[in-house]
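One chain, chain A, links the two complexes that follow: it is found with chain B in the first and with chain C in the second.
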Partner chain A sequence: MQSIYKSLTKIVDEEFVSNQKEELYIYSQDPGMMEPHEPDFVVMPKTTEEVQEIVKLANKEKIPIVPVGGSLSLSGLVIPHQGGIVVDLRRMDQVLEVNEESRYIVFEAGLTTGKLKAYLEKYHPLLRFSIPDAPPSATVVGNIVIHGQGRLTQQYGFNSDMVTGMEVVLPTGEVCKIGSGSVSPYWFSLAPLPDLAGLFLGWFGTTGIITKMGLKLYPKKKLRDIEVFAVEDPNLVPDVIQRVTHTEMSEDIFTGAQPYPPVFKDIIMIGILLTGDSKEELEFKRKMIWDALQCHIDSKEGGFMMMTPDVKQDLLEMPTSSTTRFADVKKGGGFEYCGPIIPVEKFPEAFTRLLEITKKYGITFGNAGRVIGRSHSMMFSFGYPFNRADPENIERTKNALHDTNVASLDIGGVPWKPEVPAQKMIMEKMDKSTLELMQRIKKVLDPNGIMNPGNWEVE
Partner chain B sequence: MYELKIDEKTCETCPTFDCLVRCQYIDIDKDTAKTEMKKMISGEDSFVLHDCVTCYACEEYCKRGNHPFYLITDLQEERGILPMPKPLKTQFVNISVPTRRDIIQFYGAEEPVISLCLFPQYTRLFSEEKLFEELSIIIGRYFFCHLMYLHSGNPSLIRERLPKIIDNIANHGFKEVIFFHDECYSTLTSYTTAYSIEVPFKPIHFNEYLYNKLKDQQTKIQPLNAKVAFQRNCSARLTPNVEDFVDDIFNLIGAERVERQYDRENALCCGGIIRGQQRYDLFVDVQTRNVDDMLNAGVEYCVFQCPACFDSLSEKVAEKGIKPIMMHDLCLLAIQGSDK
Partner chain C sequence: MMYDYADQIHRCFKCGYCKFSNNYTDFNCPSYNRFRFESYSTGGRLWLIWAWSKGEIEWSEHLANIVFSCAACRNCVEQCPMRFNEDIVDWIIGARSDMVEKGLIPASVGEFLDNIHKYGNPWGMPRNERDIWAEGINRYTIDDDNEYLFYVGCVGSYEKQGQQMAKSVADFLRTTGVSFGILGSDEDCDGNEVLFTGEKGLFRELADKNIEKFKELNVKKIITLSPHAYNSMKNKYGGLGEIKVYHYTQVFSEIINSNNIELSDLNIKVTYHDPCFLGRYNSIYEPPREIIKGIPGVELIEMERTRENSFCCGGGSGNFVFDLLGRSSNSPSRIRVREAYETGAELLIVSCPSCYCMLEEAIKTEGLEEKLMIKDISELVIESIKNK
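What follows is the complex of A and B.
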């Protein structure tokens, strides 16, 4: 082990390599439910070449290697279940290029969402990216690797649909470019080439380490506003979403329900964000959306909520700090949310199952959903804050999480960013040939099984 | 349990039917008003029950001491007519359920005492900044007047919860309580009188308190010499008897309440409730007419009494270059100078 440490310090400056207990402790866990496990080493490379050397070393020595961004995916995806080397990418956080005309950006893999937001606001105020509601220390790449969703997801799909290119260090040490950047100096698109990005997205770092990424940027309008449509009956939610997406007038559409504080009890809120370059544009869009929901207004089953300016401000924040506040509502630092991606029409069923599960285990919940594409699917989250200092609370939440994964698959959804047990449940249900294809791909790319072992693995 | 005191005969012999004829949101001539009023007095359905925006104004238009608006809201509930969508009504009901936070906030209150309703943002004015003197504050849902259910079609909830609220205040032994929110004051004077609910302490309107304090410190006042519009709030319609304090305050601080079309009894609603009723076009129309009227009158400030009106109209007012300001802030401006 000492020789590995030595080798690592030859690749990366000594101050960015550690095998010290306190550092290993930090990288042994995330805020979620999965059991902690310490790595043997933590290393923070600065360049692709350093990443390459680290991977080569790990592959030669057959040591597990786990790429880590902000560690905020919450489902144990960055826990080194079998020890080994954690590669924390956050020193690689440079913006390499912004192409204003073709609206894309190229950046290093450790760039955080917070830094990218600030960078664009300062240097390219007319451009934006799809900001998730994760705390700003989350990395853009980490979010995309797990098929995250953000403020532009309703318009343009999963954040991973916005990728235009990548540079990847393969588990065997080769550095490989994906997309137009592999044949041209311009990282504008994955098409028209065979789409190799899929070999790395959704794989949780089990097929390689992304070191650079190209990403689409989008026009940033001057004004933003929000309307929140409330209903009591979950059966109405798909229709509301259908009608609003049909107008193509909104930026982001999210859903929210929670039993506390009382003002939110018994209602389901559908947040509809609007953007415009002028008041007139904003008002036009608002009017279209109001008109689209007139039938629910007429039946008195739904209505636009009255909001004080501070509530509005909270909801317009990017990322919203209210999600982060909710994550700590139980205190004790535990939070996991498990969100299946579901067909939109399954919202009522998912919602009913959520209520049943939380009732069964007597736990509090926060439900947040986000429409993906023009009602092409949605993320439906079962968010469970828990107290890490209360074993009984942990046990109940664990059971609830298990039931949630069962329910997600039952209703025809697919758990999003699943923790290892949920991955196994997915793979059990998966078409056998698909599973075999996944295994073959994994074997070809990572013959020694060093990359984030435990994930997407069949025992 | 608590019955509305309404005198049918007074309506039968009414020479004007002003309650409905003067309504700014429903177009009714005198004959129709007579017919519809008759229907409502006998507990029958009327289009008024469906079209009413719950602006409270008819309560003021009736000069014969009857309670047309309370009648309308009781009938809406009786007949299951919802002025706003079900989920918003649910929200209204839940908003007043006390949480743990509410309990903490009324420890050790002593007279003089002010009730801040559900507006914690103003606590600082009376504690740290001591607006005019140190007042004890009571605040939160244990003191919440519940009058908002006149808007949501379930006024029986007011009668159900209000006696307990009155007890909560009375149990502290207060003889007089200043009410910051006009709506609380109106509840404890107009509404309780109409339904014979006993109030064992004296409610004081915030403007009365403000006026007296300004008077005490008259020498410190630097007249604002500003033209202002006053945005009346809905519950002001229930207690026009205290309306004079507004003018008295304006006189003291040198604010000229400019004559305009939509002031005093012709005031327009801030629009908040109309939006809540999902009547978007009407909401835009009412706000636009109101603000245009302020503009035509050449005012510098739009003065608000009610924080909820401020929330719903201030942005629109400010967009047009008029300064939105709460009544107490305008007074502070006159006392402390514009740096405050």
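What follows is the complex of A and C.
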């Protein structure tokens, strides 16, 4: 082990390599509830070449290697289940190119969503990316690797649908470009080449380490506003979503429900965000949306909510810190959620299952959903705050999480960013040939099984 | 004073909001910037402290370095979205207190506290050299009818940059006809850094001694040179009764405004570094800026990270002496002077003797001496008065 440490310090400046207990402890876990496991080393490379040398070393020595972004996916996806080398990529956080005309950006893999937001606001105020509501220390690449969703997802699909190119270090050490960047100096598109990006998205770092990424940027409108439509009956939610997406007038559509404070109990809120370059544009969009929902207002089944400026500001904030504050609901620093991707019409069923599970385990919940595409699917989160200092509460929440994954699959959804146990459930249910194909691809790319082992693995 | 942390510290979610400035332009936790391992971020530190408090990890020199390398800059308090945000630094101090009590602290911190205990200053310098800079400046006595006690503090007494500052503050007070005196070799450490390194007992001792001295001398108003001293006296001492405490920038601002002091044109572009103990701890953002902007020909260009978002020089909480954040191009002081230089300013203005030492050293290390000067506000004001 000492020789590996020495080799790592030859690749990366010694102050960015650690095998000390404290770093091993911190990188053994994430803020979710999966069991921790310590790595043997933590290393923070600065360049693709350094990443390449680290991967070559790991491959030669057959040591596990785990790429880490902000460690905020909460599903233990960065826990080094079999030890080895954790590669924290956040020293690689430069923006390399912004193409204003073709609206794309190329950046290094450790760039955080917070810094990218600030960078665009400062240097390219007419452009934006699909920022998730994760804390700003999450990385853009980490979010895309798990098929994350952000503020532009309702308009343009999963954040991973916005990728225009990549540079990847393969598990065997080759550095490979994906997309137009493999042929041309411009990273504008994955098409018309075969879409090899899919070999690295949704794989949780088991097929290679992305070192650079190209991503679509979108027009940033001058004004933003929000309307919140409230209903009590979950069965109405799919219809509301249908009607609003039909107008094609909104930026982002999310749902939210929670038992506290009591004024929110039994209410499902549907947040509809609007943007415009002028007041007229904004008002036109608002009218279209109001008109689309008038029938539910007339039938008194739903209505638009009045909001204080504070609440409005909270909901418009990007990322919204109120989502993070949810982790303090139990005054316990823990928050776990399974957010299956479901067909929109499954909302009522998912909602009923959420209430059943929380009742069964006596735990509280927060539900946040986000519409993906023009009602093509939605993320429906079963979110549970828990108290890290209370083992009994942790146990109940763990059981709830298990039941949630079962329910998600039952209703025809697919657990999003699944923890290892949920991955197993998915693979059990998966078409056998598909599963075999997945395993074959993994084997071809990573013959020694060094990449984030434990994930997407058939026993 | 006891900071309870063991029952609460697990509430940190390790979400990392606290690493940033408020608009996310950059990381703003000095120790995270310096080391970049998650263990040195606020969240990482809190999680390690919790693990240590419940026996999940053992104490080590490395753990102590992580705990003591927090500069107590309060950026995390400002940025954490949780309801417990106000308690974060107190939790860290609580853990330090436990380590101090158990004798489990880094050797350099031990030496720092030892020196203060024995000599009243962190370097173990002789007490009688405290006023070596103060030729011609009166001692504060009960018999003289002085308006202010000018409390100089350790950095002002012993460090070159602090002495320069102390001289120009004294010069200004004299020039503007304000009566004041100093304690000279009778002065003791103010204790702010002692408190923030977790030595509660020694802090109380120093605070009580100072309060007693001030009362014996019938002090009514104190001007502090250092924002650190200002903070401890104003917010932490308790028992000062009617005695009023001011940072010198507050007094300057007031005197310049009310006395219509004539100032000459300096024709210079400057930027200003908010010290944590003036800014985030005491919300004193305007008086220094009013003074700077009041000098004709001075153009103030703000750095990207300013006021509540100011990036700490890395000297807080004793680090200006034991410097657990030093020796790297990622040291906060070096990052900060690069940021100051990028504004296009010719002069970096400070209002804290510790920041002055840290940042002047960093300017040299960065090879920026020819391009970026550094001065304290008081020096700038004196220059402007003398040019008239």
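Convention: the second predicted complex is superposed on the first by the 459 of 459 C-alpha atoms of A that agree within 3 Å, B and C clash if a C-alpha of one lies under 4 Å from a C-alpha of the other, contacts with A are read in each partner's own complex, and residues count from 1 in each chain.
Note that contacts are C-beta pairs under 8 Å (C-beta built on N, C-alpha and C of every residue); 3 or more make two chains touch, one makes a residue touch a chain.
Everything numeric here is computed off the predicted structure, so don't read it as measured data.
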Given the superposition on chain A, are chain B and chain C in a clash or a fit?
-> fit
Return first, second, both or neither, reflecting whether A:Gly333 touches chain B, chain C, both chains, or no partner chain.
-> second
Once the two structures are overlaid on A, work out the angle chain B-chain A-chain C from the Cα centres, in steps of 10 degrees.
-> 70
Thinking of the overlay built on chain A, is A:Glu232 touched by chain B (first), by chain C (second), by both, or by neither?
-> first
Check whether A:Lys287 is in contact with chain B, with chain C, with both or with neither, and answer first, second, both or neither.
-> first
Taking the superposition as given, does A:Pro309 touch the first partner, chain B, the second, chain C, both, or neither?
-> first
Compare chain B and chain C by how many residues of chain A each one touches, and report the one with more.
-> C
Does the superposition put A:Val263 against chain B (first), chain C (second), both, or neither?
-> first
Have a look at where A:Glu248 lands relative to chain B and chain C in the superposition and call it first, second, both or neither.
-> neither
Classify the contacts of A:Thr324 with the two partner chains as first (chain B alone), second (chain C alone), both, or neither.
-> second
Per-pair minimum CA distance [chain C against chain B, superposed on A] in Å = 14
Dual-contact residues of chain A (chain B, chain C) none
Name, in rising order, each residue of chain B that touches chain A in their complex.
-> 82, 84-88, 90-91, 94-95, 97, 99, 272, 275-276, 278, 280, 311-312, 315, 319
The answer for chain C against chain A in the complex is residues 10-17, 19-20, 23-26, 35-39, 44, 47-48, 51, 56-58, 60, 62-63, 66, 81-84, 328
Partner chain B, residues of chain A touching it in the complex | 230-232, 261-268, 279, 287, 290, 297, 300-306, 308-309
Which bits of chain A are touching chain C when the two form their complex?
-> 15-16, 18, 20-23, 25-27, 30-31, 42, 44, 70-72, 88, 90-91, 112, 114-115, 117-119, 121-122, 135-137, 321-322, 324-325, 327-328, 331-335, 387-389
